[in-house]
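Consider the two complexes below, in which chain A is the common component and chain B and chain C are the respective partners.
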Partner chain A sequence: MGMGKITARKNFPLFFSPALILILFLVVYPIFQTLYLSFLSSSGEFVGLSNYSEILSRKDILNLEGFPKWPPLGALIHNAIWILIHLPLSMFSGLALAIILRDVKGSSIIKSIIFLGMVTPLIVGGIILQYTFTERFGIITAFFDTLGFEELSRTWTAYPNTALFALIFGSVWLWTGFSMIIYSAGLATIPKEYYEAAKIDGAGPFKTFRRITFPLLRPLNIVVITMTVLYDLKIFDIVFMATGGGPGKASTVLAFEMWLQAFRYSNFNGAAVIATLLTLLTSVVTIPLIRYMVRR
Partner chain B sequence: MTTKMETVIAVLVIIAIITSASSLWYGFTVVGDVSKLTDSVADLAGSVADLATAVAEFKNTTEADLADIVDRVTAVEASLTPTITVVGPWSGAEMDAFLPVLERFEALSGINTKYRVLRAEDLITLLPAQFAAGTAPGDVIFMWGWYIKENGPAGHILNVTDVVDEADSLVGVYDQVKVDDTIYGGAYTGKVKPGFWYRKSFFTANGLTPPATNATWAEFLTFLGDVAAASGTGIPIVSGTGDVGWPLSDITEHFLITFGGPQLQRDLIAGTVDWNSTQVRSILEDRLVPLLQGNFSDPLPWDSTAITSWWAGDYGLFFMGSWITGMVDDPDDLGVIPLPNSTGLVFAADYFFIPTYTEHLEEAKELFKFLTSAEAQRLQVQVGGHIATNVDVDLVWYPDVDQMVANVTVGKETLLDLDDTIGGEFQSTFFDQLSLLWVEPDKLDDVLAALDAVAP
Partner chain C sequence: MKLSKTAVILHIIAWSVAVLWILPFLGVFMASIRPFSEILRGWWTFDRFNPSPNSFIEAWNNPSFPLSRGVINSFIVAVPSTIIPLFVGALAGYGFARFSFRIKSYLFLTIVLLMALPQQSVVVPLFQIIVRLRLIDNYLSLVLVHSAWGLPWIILFMRNFFSTLPIEVEEAARVDGASDFKIFYKIVLPMSLPALASVVVLQFMWVWNDFFLAKIFIYEESMLLATQRIEFVGREQFRVNWGVLSAASIIVMIVPIVIFVLLQKYYVKGMIGWTVKG
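After this line comes the complex of A and B, so read on.
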């Protein structure tokens, strides 16, 4: 063991403390403060779980009356739907684009264009999305109009049965650039010899993908899944801009309801309840994934 | 140049004489000692000598030096003058129309102002945290009346009862910012929501005539049919909406006031009539809902797609507040049609307040007084789209199109905006549920139940 290592170990608390202090003040303290607020009434009295009971009984949060006919089903279910549709779509479209563009000349320009959605502020993305799905003005509605689908040529964000899908499909466009870039980076690390060997052995493109590409990209799946689920759980901006959670709460999500509780209804304790639920949900998703990554 | 220099020399001479005379007076009266008088005389001689030197130096001063001195003095003066921040919702052309009001205030008061654009929808997110931290984004802030009313008694907003003279304003305009007898906000200009706007040129080109003010419902429906035939889309009315949804609420309120009378609006605000009541239900069921099936477009962004489509003739009518007169290329081409037999209309004032956390309290109060004054409101109304709340602003100050709006209001009761007055959860639910009703009118029962659950 060299002197440098001994000094580094001795100074470990010194180097570690600035980050720790920042995390304590900017992450840990707000989490516990929010948790604490969620058990208080607006006048500051301890009310146990009554805020939770009140929030979870709101149809804005969970509306199973409408099930299976929907929407609205409440923000909690809408977030789940969002994950179920958005996660596979953006993940596989990103992977497909990364593979297709791997050997294409000038692919970096195409990738940059696709990545534009990722660097577009979500508020701006929400405005673009609203126009994209507006009757007579949007590219998507015009496309379906050409195909003769009358229902889908209407303004998607105005109708309860299409508003949530407009937001989800729009966010696929905004987010696909992320998974594409991650997978592109992963593909660059796979030695070309593997593909040459597979070719010599007579493996076709699908088999090559199944036996070489996909297994070697597996660690990156964790990153893409984790980040996408977090994105889906905290989604707010495009909902706020494009639909305002409507019509009739058909496209509301948890983060939007949290904003409504805090800033429109002046119910900060109710907002703290939703924030706590969001924290729990993200922890449920991310902790096992992070543990898995660390183990590997 | 010579005249300027002579003037400056004269001023310096006067200052020297006054200084010396003061020294003499001091010597005689305070000390009373002859020796002091001698000293004073010596001082006077010194001062005169200094003055002679200064005059000699001044003769060599160039125009550039003078300009430099003036600039430095101006900069020092500006640094000593406080700047107050005004937060308002207007941007673009609307901001350009508001800034001359602030410039006039600056000229009159010597107080600098800085204008910052923040809509009420943005402020509502920003203000709670700012208030909790004991600060505010401005010294005078435009905001919804209900928000001012809610936060005034909480101590975040200044009690301005002594600053406001209600006698100068429209009757009842301060009710929205008043708790008991305490006033927390000021009323600037406002807007009315008079009815459906149309382009005169479009009507002329298509041989359309607005219905009589006392037309029957059947006649009004026939009129809508004629407008539909002339409209590019075959739909007579374009529905505007925004990221908050208020334009639909304005239309709904117009129907409720027309068919339920002004008292219904007041009762709904007070919560003495239910949304599920027969009265409300029948108005919506018999009048609004049938029109939603084919006579209104899907909701479109009001300030872009909706207004441009209507102006281009895709639709013949557009329900909007009077601020539209400041948003179109040719305001003189505008006409407005209220629902027949309407006896009331909504007047929505732009309210503002002084946060208790302002560092420029007296200056903010000065601006507060100015904004409620006839002078400020005259400047604002003459550019169009605004109606004064100060009763001393005569009709002559308004552009022609706003005089037409004023004529529409004659004989009608002005009422508070329903959702702006109630605010809170009701307001956002109202917007959201109406956006549902607009595309799925058969869900009226669900909509009324949802509104009833959050109404006062």
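After this line comes the complex of A and C, so read on.
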């Protein structure tokens, strides 16, 4: 035993070093380099926070004149709207599906269908939702056409009032599988006896949900909320593909604006500002998840 | 067997949701197998129905952006981008599960935090590094970056898995004089095949589905990955050729879908183990 411990101590850096080298060089260093770049001018001089004030005063990022109003409201607000709509919709539909499907025959097929959105490349997801919201071709626009809603029967991605919402609803369709799978896994761990006991006590379905199901699933909420908000902050592919952030920036988001600044306008310092904002936002969002993981 | 009234209602709701959910996929599928003139009034109209594989052939052999090349390129990138972080991450995950040292918990927390970061957070300096290394239009850039970015979750996932393995076997081997590496390769890895399978499935899918990193590192037309070609295929000067674009979309998505259908168990285990169970 003693010998085993000595070899362990001598060898253990070798277990970590390949991973640490890759992570330090390609993840950690670029984070700090991004932060550093965000304080420099394009010629490399230190300019303090002036990149930040320049970026935050851009209409592409923050456009609140005359608020409340329809988009374009700026990428920062669009991401916020995204979270406000996408988080509750995908979370509750996933939870509802998980509960319903527990007692339904063929539920594994239904789950697989709903989960297709999660395995589909997001760039393809962008194509599919663009198609689904296109005038006459798409089933959603055709549906609103038969109901007589003229504005909603036009191509959603081509008009500023609807473009952002087409993307958000599309992302609900793509992402609901995630919360469904997580809650299903949680439901599977609840012993059947609890429900039998509740039945004997004469508890109805709502009381059972409130007293047994929901409290036992609660720890999973933090996982679903965190991962969903992270997804909403990182969203890029479907915006790029379905709308290109338009029309007139009405559906742009932070990740897309970052890409535009860096790779369309070669404004690496401005892009670094947006990237740093994204790092800060995602870090803040992740802290509760990490605390939850540490507590276990 | 007779179903109760609530059970019937639940079945109706569940299956209607399933139908609703699959409609958009059905739409692209119909657009890909039917001539454009037939879907002008919607793919759900069937007064004429002449399916053909023409759009698939056109997308696969597209003169400027053949999907055939894109699929091969994507495999060339995705295979090493899965295998490298699999072994590197399993090694580190094992280290976290079995060795103790002073800064371990801080190091571990940092790695978990890194898992959450968007690639957009770092892509500017990454691009500058890759330019300096002259690795633009070189798949090595994508393989390295995907490997590094896959590591945090693989380390977390494998560490959680290794912690559930009984330590006695490893201790017995150690008493017999086996080195740490020998124990890892000869004893621990063979016991970990299901967890390794989950890593392979998830990591492969993420790399395959990636568009953002490929867009930044690969520009040479013949080298574009499958996901990148979606941007160009089926775009004609004044209109979108939905047939070819839909066929291309299906070709790109069929790979992750087949993997999911065949290896669903590992995919779901990975997804859940990654987030729910620790």
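Just so it is clear, the second predicted complex is superposed on the first by the 268 of 296 C-alpha atoms of A that agree within 3 Å, B and C clash if a C-alpha of one lies under 4 Å from a C-alpha of the other, contacts with A are read in each partner's own complex, and residues count from 1 in each chain.
Just so we're on the same page, a contact is a pair of C-beta atoms (placed from the backbone, for glycine too) under 8 Å apart; a residue touches a chain by one contact, two chains touch by 3 or more.
Just so we're clear, the structure is a prediction, and the values are computed from it rather than from any experiment.
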{"item": "Fit or clash - chain C, chain B, common chain A", "value": "clash"}
{"item": "Partner chain in contact with A:F137 - chain B first, chain C second, else both or neither", "value": "both"}
{"item": "Which superposed partner A:Y265 touches (first chain B, second chain C, both, neither)", "value": "first"}
{"item": "First (chain B), second (chain C), both or neither touched by A:Q33", "value": "second"}
{"item": "Touching partner for A:V124 - first (chain B), second (chain C), both, neither", "value": "second"}
{"item": "First, second, both or neither for A:A250, with chain B first and chain C second", "value": "first"}
{"item": "First, second, both or neither for A:T155, with chain B first and chain C second", "value": "first"}
{"item": "Touch count on chain A, higher of chain B and chain C", "value": "C"}
{"item": "A:V104 touches, of chain B and chain C: first, second, both or neither?", "value": "second"}
{"item": "First, second, both or neither for A:L230, with chain B first and chain C second", "value": "second"}
{"item": "Chain B versus chain C as contact partner of A:M241, first or second or both or neither", "value": "both"}
{"item": "Among 2-10, 56-64 or 164-172 on chain C, the segment whose C-alpha atoms clash with chain B after superposition", "value": "56-64"}
{"item": "Contacts on chain A seen with chain B and repeated with chain C across the two complexes", "value": "131, 137, 240-241, 259, 262-263, 268"}
{"item": "Contact footprint of chain A on chain B as seen in their complex", "value": "124-125, 128, 150, 241, 243-245, 298-301, 305, 424-425, 427-428, 431-433, 435-436, 438-440, 443, 446-447, 450"}
{"item": "Touching residues on chain A, where the partner in the complex is chain C", "value": "1, 3-4, 7-9, 11-12, 14-16, 18-20, 22-23, 25-31, 33-34, 37, 97, 100-101, 103-107, 109-110, 112-117, 119-124, 127-129, 131-132, 136-139, 142, 173, 178, 181-182, 185-186, 220, 223, 226-227, 230, 233-234, 236-237, 240-241, 254-255, 258-259, 262-263, 268, 271-272, 274-276, 278-279, 282-283, 285-286, 289-290, 293-294, 296"}
{"item": "Residues of chain C that touch chain A when the two form their complex", "value": "7, 10-11, 13-15, 17-18, 21-25, 27-28, 31, 39-44, 85, 88-89, 91-92, 94-95, 98-99, 101, 109, 111-114, 116-129, 144-145, 147-149, 151-152, 155, 171, 174-175, 177, 179-181, 184, 205, 208-209, 211-212, 215-216, 227, 230-231, 242, 245-246, 249, 252-253, 256-257, 259-261, 264, 267-268, 271-272, 275-278"}
{"item": "Touch list for chain A against partner chain B, complex", "value": "130-131, 134-135, 137, 154-155, 158-160, 240-242, 244-250, 259-260, 262-266, 268"}
